[in-house]
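Alright, structures below, take your time with them.
Below, chain A partners chain B and then partners chain C, in two separate complexes.
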Partner chain A sequence: MLPPNPSEAALPFSDRSKFLFPVLFWVCFAAAFVGSWQLAQVQPGLLFEAEGRRNMAKFVTGMFPPELSPDFLRFLVVPLFETIQISVMGTVLAIAIGFPLGLLGTASLAYTGILNDLEIAGSRARRFARTLPYVLARSVLSVFRCIPEFVWAFMFVRAVGLGPFTGVLAIGVSYGGMLGKVYSEILENLETQPSEALQATGASRWKILVYGMLPQALPQLVSYTLYRWECAVRASAILGFIGAGGLGQQIELSMRMFNFHEVVTLVLILFLLVAAVDFLSARARKAVG
Partner chain B sequence: MQAQSNPATATIPQPPHSGGRTANLLVPTGIAVLILWSWHGTRFDLVGLLGADGRAQMLAYASKLFPPDLSPDLLAKVVYWSLETFAISFMGTFLSVVVALALVFVSSRNLVFTGVLFEVDEAGRPIRIARVGLYVVSRAVLNLLRTVPHIVWALIFVFAVGLGPFPGVLALGLHTGGVLGKLFAEVVEDIETQPLEALQATGASRLQIFFYGVLPRVLPQFLAYSLYRWEVNIREAIILGYVGAGGLGQQIQIAISLFLESKLLTLILAIYLMVTLVDYLSAYLRRRLL
Partner chain C sequence: MWSEGAAEPVYRLEGLTKVFNGTLTAVNGVDLQINRAEKVAVIGPSGAGKTTLFRLLNLTVRLTSGRLWIAGRDVSDLRGARLREVRRKIGSVYQQHNLVPRLRVVHNVLAGRLGAWSLPQAVRSLVRPRGEDVRAAYHALSQVGIPEKLWARTDELSGGQQQRVAIARVLLQNPEVILADEPVSSVDPTLAHGIVRLLVDLCSAFHKTLVMNLHSVDLALAFFPRVIGFRDGQVVFDRSPAEISDDLLTDLYAGRITGVSVEESPDAAAEPVRSCTPILRS
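And now, the complex of A and B:
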């Protein structure tokens, strides 16, 4: 997922900064550590106090035996389906938001590289006209992405009320921002020869995109989207906590009622669901990649 | 179960040689059915949302957000809450790295019982079984840590140590510790074996091979993953505010429930800045440290 980029690693930093950097880094790290320790009120002792221990013991003994009665399991079918449905529609909406914005936010389509060099050479106005949509799309994506889905969910609760649709919108918007950014990065890092060849034949920008870029990018686009779907399944379970339906809502209810034997079952189901989705998505990724 | 497994299994594309035609039809059909089923189940209603009524409602809500409350009084508090959220994410990530490092070396197959290090293993059967057992147990622990969502961990720890940022730190630390442990173990299991073999050929002991052959290879990757998870954790730390871990998330919840819209926008701006800042910091550190 994160291959260390050799070209980045070899950036020439001056000798002085090479010496200063580790010193500065460790000073900052120590300061952040001490400050965070206090601000986050870290008190490991609390874990071993009598009351904490008693509560943990109550929790652990309360977990067994897990609630596996047929009634309870039947009752969970709807929340389970809801969690899957929210993740699917959330991802679909995220694609619908991320793909067009990602195209607009692709520098090599918008204003750089061989597709644009000739066209905007020497004209500031044309350059500006091409750069503006790019900057706008990138900013929108960044706002969508940097506000966590949970905050979006809170705002959509106000706009459309509680329910699974809220979860879909929250995942759609925040994951749309992430997909859009990654889509544009994928498109920017493609081989340019096919596009050049197409351009030489006089193909329009649209045709270059469809025949020169997308076929090359498709496996990566699909694979990242599937990965995001896996994340969306987890996210849709979490969003249930604030009333978006699904398994999360049940976990929260059981937690609040101190029905820990139900929590165990719910977490187990969530685990199976996530494992199944991971497996499916890995199979699908292998098939496209 | 039936309704769910049908469309889901259909999305697995078949390899081309095994009846490509049917698969070509099955996959799009399966995906379409899955989407329609989800559309229906989530009461997906874009028309209602973007129609005249929905638009008016959203616009009314959005206009209430403006202008953001930028009074110095609130800003000072927002800075404090942001630092609190930062602190939770920082300590949580630190704890998760500790957890992952504690478990990773017994969760990596090639360091525990197979591969080049154990080709000429003279240990007896019981020791070998104990090694495999150690591996299985630590993998199971990592799975457990990862499976329980951080918000559930947070609720458990609120129960154990009371409200405040500390349960948030513990929750992030354990959940992310499971995630990082698995990622770290994959890194260790993927390292090239040639350097290890070369070291072995010089007569290096297992411990020496570990320190000179394994650690230098994996540490940069560990660091990259940890920084990447920190970016995730700053967002999760905000979510944990919901269960009382303090910081920006808790204030967002309060602002929304009390209809303090202009304060809400200030908080959202703070979150945006915070998340962007951590993303940049993490990208910068990855570039400098690797």
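And now, the complex of A and C:
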């Protein structure tokens, strides 16, 4: 018997289903878009009504000229350093939380793969003892990072009062959750061959971690931590709005006083700060790579 | 355990079996005995289970059934510190050399001591290796012919040089047995010859046992007094090179010995691997 003509053979998708999927997709997309438009009360017209136009004009004209008097700038030195220090201390706290929890939450160290095959095979109790800390660490990390730093800040304001320390705690906890998760994923995705060879010399898991895994992962770990520090600089400015000090608090005050020319100066300083941090971390990444 | 039982075989395997995921049988009921200071080559087609056998012998993967004695000790159920103590006595050389690419050569060579070091010692050595360790690493690198690479970054070396670093690591580990899994598959034939000879000579000089998986039949026949043919997770033959005929090799790679018919690539079967590196036979 001759084989059927390949061009007539049944293909995984017939022409009809090829047509159906895109149509369904676009219908769903349109429905979601219209629904969101209404629910989010999108009214572009408001921006162009007389009232809106007047307020915008007031805001924009009020921005010029920016406030650059020496007194004002001198006054900003302290909030500027406060913002930097909140971001640095927040990131340090995040590392202190994220690194140990991230190690506990690394599956290839805890219970899977070549490093654990002989240790836990054939015993449910040993497997459970290895899995439990992993699950706990992963859960804690996910609670830490799923609550936004803003919400953490509101909680810590109750505990330690207004001030920079609230910002440090909020950034430390929520970023600790993010760092821990990403650290564990970086470690899990490393090549396993060097670890296998180190294990074959009779090394324990912790020695393999220190001697093989961390040196391999170092550029990625440093790079992601620096990226988080950049985010922390921006976050510490935002947290100032709810009383955590720093540049954000000044922006909020100036806004409330309708001193838009001060706001411009503050935003410019924030922009320069973030750009400087960006530059610094790029240099640091290059040095480690 | 190693000094007292000199009469004991280094390896004794009884019905050693490894099944992956409950379905894939990689090593299937192997009975084998390997004595102290013996040099054994294991040859066979890809997918024969040689690498799994290697990983069973260096205690990386757990056996599914059967028993395994190392120097007279049943190691089937070892774990923790006692498992690591046995692993320290077995040096491994891999196909992909398995070095830590971002570390300097000196650290990769000293990794042979990792099993013997404490964790703080390991950290301190990474920060700044001790003078006597550096001298030992230099000595090991001299034995494999690349002492000048001591402070080079490992990922900047060529494939052959990295394999030499891996051998220097085993020298520092100073094990009783050296296992090598296709150590020359990723280097060119002339280098391959040199690296196999290096391992064989080192084992002769220090009275170590050597078990090497090899892709090249020529190298196995040229350097090893005992050659094991391995196929479908089983030992097909186990004899000296003089007793190994071309027909036996053709059968090993074609699969006629175990009665498995060859469905794919009859060309490969007609031409045994022996002919790939004819120069080395002279």
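In this section, the second predicted complex is superposed on the first by the 261 of 289 C-alpha atoms of A that agree within 3 Å, B and C clash if a C-alpha of one lies under 4 Å from a C-alpha of the other, contacts with A are read in each partner's own complex, and residues count from 1 in each chain.
Definition applied: a residue touches a chain if its C-beta (ideal position, glycine included) is under 8 Å from a C-beta of that chain, and two chains touch if they have at least 3 such contacts.
From a predicted model like this one, the values you see are computed outputs, not experimental measurements.
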Partners on chain A (chain B, chain C) - clash or fit: fit
Contacts of A:151 with chain B and chain C, given as first, second, both or neither: first
Touching partner for A:21 - first (chain B), second (chain C), both, neither: first
Chain B versus chain C as contact partner of A:167, first or second or both or neither: first
Touched partner set for A:241, first chain B, second chain C, both or neither: first
Partner with the higher number of touched chain A residues, chain C or chain B: B
Which superposed partner A:216 touches (first chain B, second chain C, both, neither): second
First (chain B), second (chain C), both or neither touched by A:199: second
First (chain B), second (chain C), both or neither touched by A:37: first
Chain B versus chain C as contact partner of A:59, first or second or both or neither: first
Chain B versus chain C - smallest C-alpha distance in the overlay, whole Å: 12
Doubly contacted chain A residues - partners chain C and chain B: none
Residues of chain C defined as touching chain A within the complex: 58-62, 77-80, 83-92, 94, 96, 98-103, 107, 111-117, 119, 122-123, 126, 166, 169, 173
Interfacial residue positions of chain A with respect to chain B in the complex: 1-2, 4, 8-9, 11, 13, 21, 25, 32-33, 35-43, 46-47, 52, 55-56, 59, 77, 80-82, 84-86, 88-89, 92, 142-143, 146-148, 150-151, 154-155, 157-160, 163-165, 167-169, 234, 237-238, 241-242, 248, 251, 255, 263, 267, 270-271, 274, 276, 280, 283-284, 287-288
Chain A partner contacts - residues on chain B that touch it in the complex: 1, 3-4, 8-9, 11-15, 34-35, 37-39, 41-45, 48-49, 54, 57-58, 61, 83-84, 86-88, 90-91, 94, 147-149, 151-152, 155-156, 159-162, 164-166, 168-170, 220-221, 224-225, 228, 235, 238-239, 242-243, 249, 252-253, 256, 268, 271-272, 275-276, 279, 285-290
In the complex with chain C, residue positions of chain A that touch it: 114, 117-119, 121-122, 193-194, 196-204, 206-208, 210-212, 215-216, 218-219
